[in-house]
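In the two assemblies presented below, chain A is common to both, partnered first by chain B and then by chain C.
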Partner chain A sequence: MGSLASAAVLVSLLYLALLFAIASWGDRRAEAGRSVIANPYVYTLSLAVYCTAWTYFGSVGVAAAQGVGFLPVYLGPTLLAFLFLGVVRKILVITKAYGITSIADFASARYGKSGTVAGLVTIVALVGSIPYISLQLKAVATGIELLIGHEGGRAVLPGIGADTALIVALVLAVFSILFGTRHIDATEHHQGMVLAIAFESIVKLVCFLAVGVFVTWTLFGGPFDLLARAEEAGLTERLAFEGTRLGAADWFVLTLLSGLAALLLPRQFQVVVIENLDIRHLERASWLFPLYLFVINLFVLPIAFGGLLLGGDVREADSFVLALPLVHGQGWLAILAFLGGLSAATAMVIVETVAVSTMISNDLVMPILLRVRALGLAEKPDLTRLILGVRRAGIVLAILGGYLFFHGVGEAMGLVSIGYIAFAGVAQFAPLLLLGITWKGANRNGAVAGLLAGFALWLYTLVLPSFVTAGVLPTSLVTEGPFGFDLLRPTALFGLEGLNPVAHCAIWSLAVNTGLLVLVSLSTRASDLERLQAILFVDVEESRRTPRLWRGEAKVGALEELLVRFLGRPAAEAIWRAEEARRGRPLAPDEPADAGLVERAERQLARAIGAASARAVVASTVRGETIGPDALMEILDETQKVLEYSRRLEQKSQELEAATAELRRANERLRELDRLKDDFLATVSHELRTPLTSIRSFSEILLDNPELDEAERAHFLRIITSESERLTRLINDVLDLSKIESGRMHWQVGLADLGELVAAAIRAGEGIFAEKGVALEVAIPAEATPVVCDRDRIVQVVLNLLSNACKFVPSPGGRVRVELRRRGGVFEVRVEDNGPGVPPAHREAVFEKFHQLTGDLNTQKPTGTGLGLTISRQIVERFGGRIWVEDSSLGGAALCFTLPVAEEVGALAA
Partner chain B sequence: MSEPRLARLLALALVALVLLNFPMLAVIDRLALGGLPLLPFYLFLAWGAVIAIAAWSIERADGE
Partner chain C sequence: MAKRVLVVDDEPNIVLSLEFLMRRAGFDVQVARSGGEALKALEGDPPDLMLLDVMMPEFDGYEVCERIRAKPEWRDTKIIMLTARGREAERERGLALGADAYVTKPFSTRELVEQVKRMLEVA
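Right after this comes the complex of A and B.
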């Protein structure tokens, strides 16, 4: 081995040691709470892990052969950075909300925490990573061989007997293991690693620019000189679009594919999403990252054309970056160029293997191991060592796979062709991921069907032909199709020709993938958990505010034990202290864990071992855990209860309104009654004062004039007596009326003969008739006229009618006629007179209190109380009768009343 | 990030998609300075301009 190669190896080892130091420093700072990576610049530089050996060596290779054909790979992320900023932000929010650890974990959590989806995504990611890792191995191995070969060494390192690529693979594997699996931590942020790859992004950029400047200004006289010489050599034709050997569709599809890859490649998802510390960093990174891509690509064309002009072979253009300084005797620049390539490769391999091995352990191996009861893992006290072991094995598997791919296929292919295979592979995640966060209808069956079909098509249309290129499989497979089926040619499936193989694969696989995802989702039923997770992902902002949906029984102690086993004691205890602090009281091991605690424990576990595994282990501890139909029904019930409650409230308020209205009406009635009472009192006082006034005035006359003669004195005394009587009557009437109206009247109800009662009344009233000289006719039938009534009251009624009639008949010549007769079920009593009669308009009014017709009809002083007819009506109606006024055949008024015939004479008589 | 800023970036992305794709590239591809195709210069220029506008749009909005 020559001195240059030795120096390069020494520098490389020192470089790797430096990376370690940087990573440890970053980790220590993070532990101390003074993160050095929490800013958009380090975040951007970490995203630049996108630029691998492919960019560093491969772009020049493509540019030399195809002009600007290398550009879609960098234009894609630029466009998508702006186009998908909202989408990426949403993915970040979801990831932080639910403690997602990888792209497989993300997909699995979205599709009902499905182990199948997690495993499938892991397998696709692993298979897709292998060509990509092999690309890095190839680039580094080629670089080393170039350094050795230049000094006449051999392609095999002395004393070891293995080829360079294997050595590189082993070194990288050890390095990645030491780097990526130092510890398992609950947050799954690898701050030290992020800092190291950010540093690597600076190194590769600086190295590449250094080579670019060297070629442009040292080997040539600046860019214009370079261009002029290229034109002379007839190389510039390659700069036209035709030179790219791409079609319009190829250009577009490659742009799209690269944009998707910048997010979906396992390592990209790791740095963009998982390692992100602050969502706000995304904004500045969305233009800084494209800027980085822009700058690193500036010298691609100058280096490529410089290499060609200086006699380089197009087929060897992948190594121009290293070869140009080398052949022009710039040893240290060559080592710098190699270092840049190494940094690009190591960054990729470290992050990729950490991402993939995390997936392998969390989403593929652990869920299976945990389910195999025979292993009894669920009871093991400490699983952190096992998890780390699985991850280390995953790293070795990925890198060894890369080495084997390189050995079998990669040696025959260009760097970029290998890279595109990986791009198209991970693009299969796009439908389930992008639809998953925007469409709730996407379900597990659809995701699995789409991914499987897309993966299969990718294998068939892109990976298979690469084996043909490598000579592993017969060429006829591609040229004639399998078994001669022309339509099934892998690179022209169903006759789709004229496309770049990558674009061809992407079109077929993504179309079928998306189509199946949608179709199968629409035609199959999602489980309750899937639908729940779909809502949690698509409506992540709303969902984070609603409480958990866990149900079940678990003891606090059991949960803590679970955390200790998977996260280690210190981490678990830190979580528990935080939990106690948040509750403000210590947690007893035997108290039941509430839903919030179970959920947070599961989330912490998910950060370390993924959603699918976390689900499995928590489910084993928490009995009766479900978000099955029962729980959903409960939630539904809860909602309905709330609805019911609000409906009842509404009803209550309506009732209240009705009650208020009723109260208002009652109040109005009360006011009316109050007014009536006032009127009544006023009238009664007035009626009382009239006789009182005359009694008082006549008494005063008598008192003041003792000389009055006897006749006059007697006259006055008679007036006083009659007025007193009237006063007494009035008071009696008022008392009667108030008793009847208030229902306190004591009725002497019994069977009576109405004829007898009428006759009794006539006898009592004979005096007044005789006094006034009124002719009285009586017509009472001889047969029995039984009624149920209060005898005295009915006599009072008849007497009242008689005295009324007597009052109004002319004197002399007055006639009154009393008649009793049966009319159907009632007896009718009529008291007719030949007085002035009652005009029809007043016939109802006469029954009102204190209505006195006399005042209107003649000037004679009224003798009644004005309450007689009112009381009569009350009495008659009390016994089921009716009382009214009508015209009389005698020319005056007829006051009539009826009483029902008492049918059951016997019964009542007995 | 506010919705208007997201919308501005989205619009920019669509403009960039037109600028950096067909049929725009076919139009530019016809232009040449002597025997020198202008396509690469156009691509880098348009790309750089898009990034500059995005930077301006995002950073200006920071001050809002």
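Right after this comes the complex of A and C.
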């Protein structure tokens, strides 16, 4: 081995050591909470892991043959960044919301946390990665061989009986294992790794630009010189569209594939989505990343054309970057060029293997192992070592797979051709992913069917022909189709010809994939969980605000145990402490875990072992199922119905209660009325019997005692007469009241002058006043006092008030004053006396039937019927007035009533 | 010595008729126009018999009856309740309170006089 190669190996080892140092520094800073990668620039540089050895070496190879035909690979991501940033952002939001760890986990979580989907995506990703990893192996191995070969060495390292590619593969495998699975807890962001690959992105950019500058300005006299000479050599034809040997459909499809690959390649999904620390970084990265792609591609054509002009072979163009400095004696520049290629390759391998091995352990191996009861893994106290072991095995598998692919196929193919195979492979994730976040109808069956079909078509139309190209399979398979079926020719399926094989594969596989996804989704039923997850993904913004519901129960202790088993004790305890801090109280092991705790525990687990596995283990512990939208709807519906029913019942019962209360009130009222009627009858009976008693007694006395003297007889006869009159009055009053109350009273309604009526009543009552010697004062205004009423009845009212007053005034010295005046819209009549007055408590009671106004007990018993005021009130109210008792300025009672002033005096008078 | 009868009623005409009837039957007659007056009249020398109206202001007949029966020294006074209320429940109430007879208004003067005589054992 020459000194140059030795120097290159030494520099490479130093470089890898430096990467380690950078990574552990990044990790330490992250642990200390002072992340160095939490900015859009590091994020952008980490995205540049997209530029692998393919870019570094392969672009020049394509450009040499096809001119600008290398561009779709960079146009795709640029368009993605500009046009579909919203899609990427949504994927990021979902990932952060549900603790997703990989693209397989994402797909699985979307499709009902399906283990099948997760496993399938993992397999496709692994198989798709293998050609890509082999591409890196090939590039690095070729580089080393070039360095050695230039100095006359062989493609075999001295002392080791293996080929360069295998050595490279082993070194990269060890490196990746050391790098990607350093932590026991491999759950969080790989900040150190991200920092390292960002650094690598700078290295490869600087190295490539250095070579470009060297070619353009040292080997040639600047870009114009180079262009002029290329034109002379007829190379500039390749700058035209036609020179690319790609049709419009090819351009379109390759650009589309590249755009998809920039997001869907396992390592791209890792850096774009999983390792993203802040969604806001996406904004700046959306133009910085295309800028990076632009800059790194600046010198692709100069190097390609330069190489060709300097006598390079188009078929060797993949190695121009390294060969040009080497051939022109620039040893250190060649080492730099190799270093750049190495950095591009190692970055890709590291991230790809971390991503793929995480998927292999989380989404393929662990779910299977956990389900195999015989292993009893679910009961093992610590699974972290097993998980790491599986991951390491996954890394080795991916890299060795890459080596084997290289060995079998890759040696015969260009770097870019191999790369496109991988692109078309991971593009199969696009339908289930993109439809998954936009269409709730996409279900697990559709995703599986589409992915399987797309994967199969990819294998058949792209991978299989590559084996043919490599000579592993007979050429007739491609030229004549299997068993001579022309329609089934892998690169011209069903007669679709004239396309680049990659475009041909992409069109068929993606069309069938998408078609099946849609058709199967539409024709099969999704489980509750799938539909729930579909809602959580498609309506991620809305869903994040509402916590999920759990049926079933789990103890806090059981959940903690689970976290300890999968995350290790320190991590689990940290989570628990955070949980306690959040609640502000310690969590007791035997208290039931609420839905929030269960969900957060599941999410933490999902970070470590993926959604599918996390769900399986949590579900087994919780023994409950998430309530799907259907079930939820049913429950809600049921609850709604029950609520509605109970609401109605309540309403009914309230109505019933109200009706009952109403009836009770009515009944009470009736009873009261009945009681009142009984009382009334009893009272009437009493009031009738009292005068009747006197009449009968005196009649019998007169009959039985003929010897009575004339004066005594006359006295007794007068008593009989007056008691008969009393009886008559009583009967009249009862009849009146009964008529008024039953509404059968015949009112003689007309316009009258209230003053005249009061005067008429006074004239009628003059007799009794004179008899008792009562002084009567009258104050009636001269002007008209028109009211609408029944004249006789109002006279009756005034007379009643007068006779009442007369009854209670002292004799002698009795005074009664009658006053009529206008008060606003009413006339008020006041009959005041200097009697004992009515105490306030009785002022309403006096209007009750048979409420006897008791005067001085030593005076004669009142001769009223006890119905006078009752009837008066009925009459006054009948004509819109009011009657009441108040204190009199004369010292006794004032009985007052009002009647409304008749408004249309003229009209009625006329 | 003539037996004494106390007439208690708030109706002047009824008092007048009862007074006339009792005098004519040969009794000494005392008059009270309310329950309170009646109780006052009992103080010292209680009458042999009371004609007691039920419906009176202040103390009604029932209350007067109850108070009389509450005092042992008034136990010998016979009580005839007079009422314009003819219901059976009221008659029972009166008898339960210690009245000796219950007469509904309007009454037959002859029968009343005979009943008083019978009760005072002067027939």
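Quick notes on this structure:
Just so we're on the same page, the second predicted complex is superposed on the first by the 625 of 910 C-alpha atoms of A that agree within 3 Å, B and C clash if a C-alpha of one lies under 4 Å from a C-alpha of the other, contacts with A are read in each partner's own complex, and residues count from 1 in each chain.
Operating definition for what follows: a contact is a pair of C-beta atoms (placed from the backbone, for glycine too) under 8 Å apart; a residue touches a chain by one contact, two chains touch by 3 or more.
Just so you know, these numbers come straight off a predicted model, no measurement behind them.
Judged by the number of chain A residues each one touches, B leads among chain B and chain C. Of the two partner chains, chain B is the only one that A:67 touches; chain C does not reach it. When the two structures are aligned on the shared chain, A:301 is found in touch with chain B, with no touch to chain C. Of the two partner chains placed by superposition, only chain B is touched by A:239; chain C is not. Within the superposed three-chain model, A:686 lies in touch with chain C and out of touch with chain B [touch as defined at top].
When both complexes are overlaid on chain A, the residue A:695 reaches chain C alone and has no touch with chain B. In the superposition on chain A, contact of A:231 is made with chain B only, not with chain C. Contact residues on chain A toward chain C in their complex (touch as defined above): 682, 685-698, 700-701, 704-705, 719, 723, 852, 854, 857-858, 860-861. By the touch criterion given at the top, residues 67-68, 71, 75, 78-83, 85-86, 89, 227, 231, 236-237, 239-243, 248, 251-252, 255, 280, 282-284, 286-288, 290-291, 294, 298, 301 of chain A touch chain B in their complex.
Interface residues of chain C facing chain A in the complex, by the touch rule stated above, are 10-14, 16-18, 20-21, 24, 33-34, 55, 57-58, 84-87, 104-110. Those residues of chain B whose C-beta lies close enough to touch chain A in the complex are 1, 6, 9-10, 12-14, 16-17, 20-23, 25-26, 29, 32, 34-37, 39-40, 43-44, 47-48, 50-51, 54-55, 58-59.
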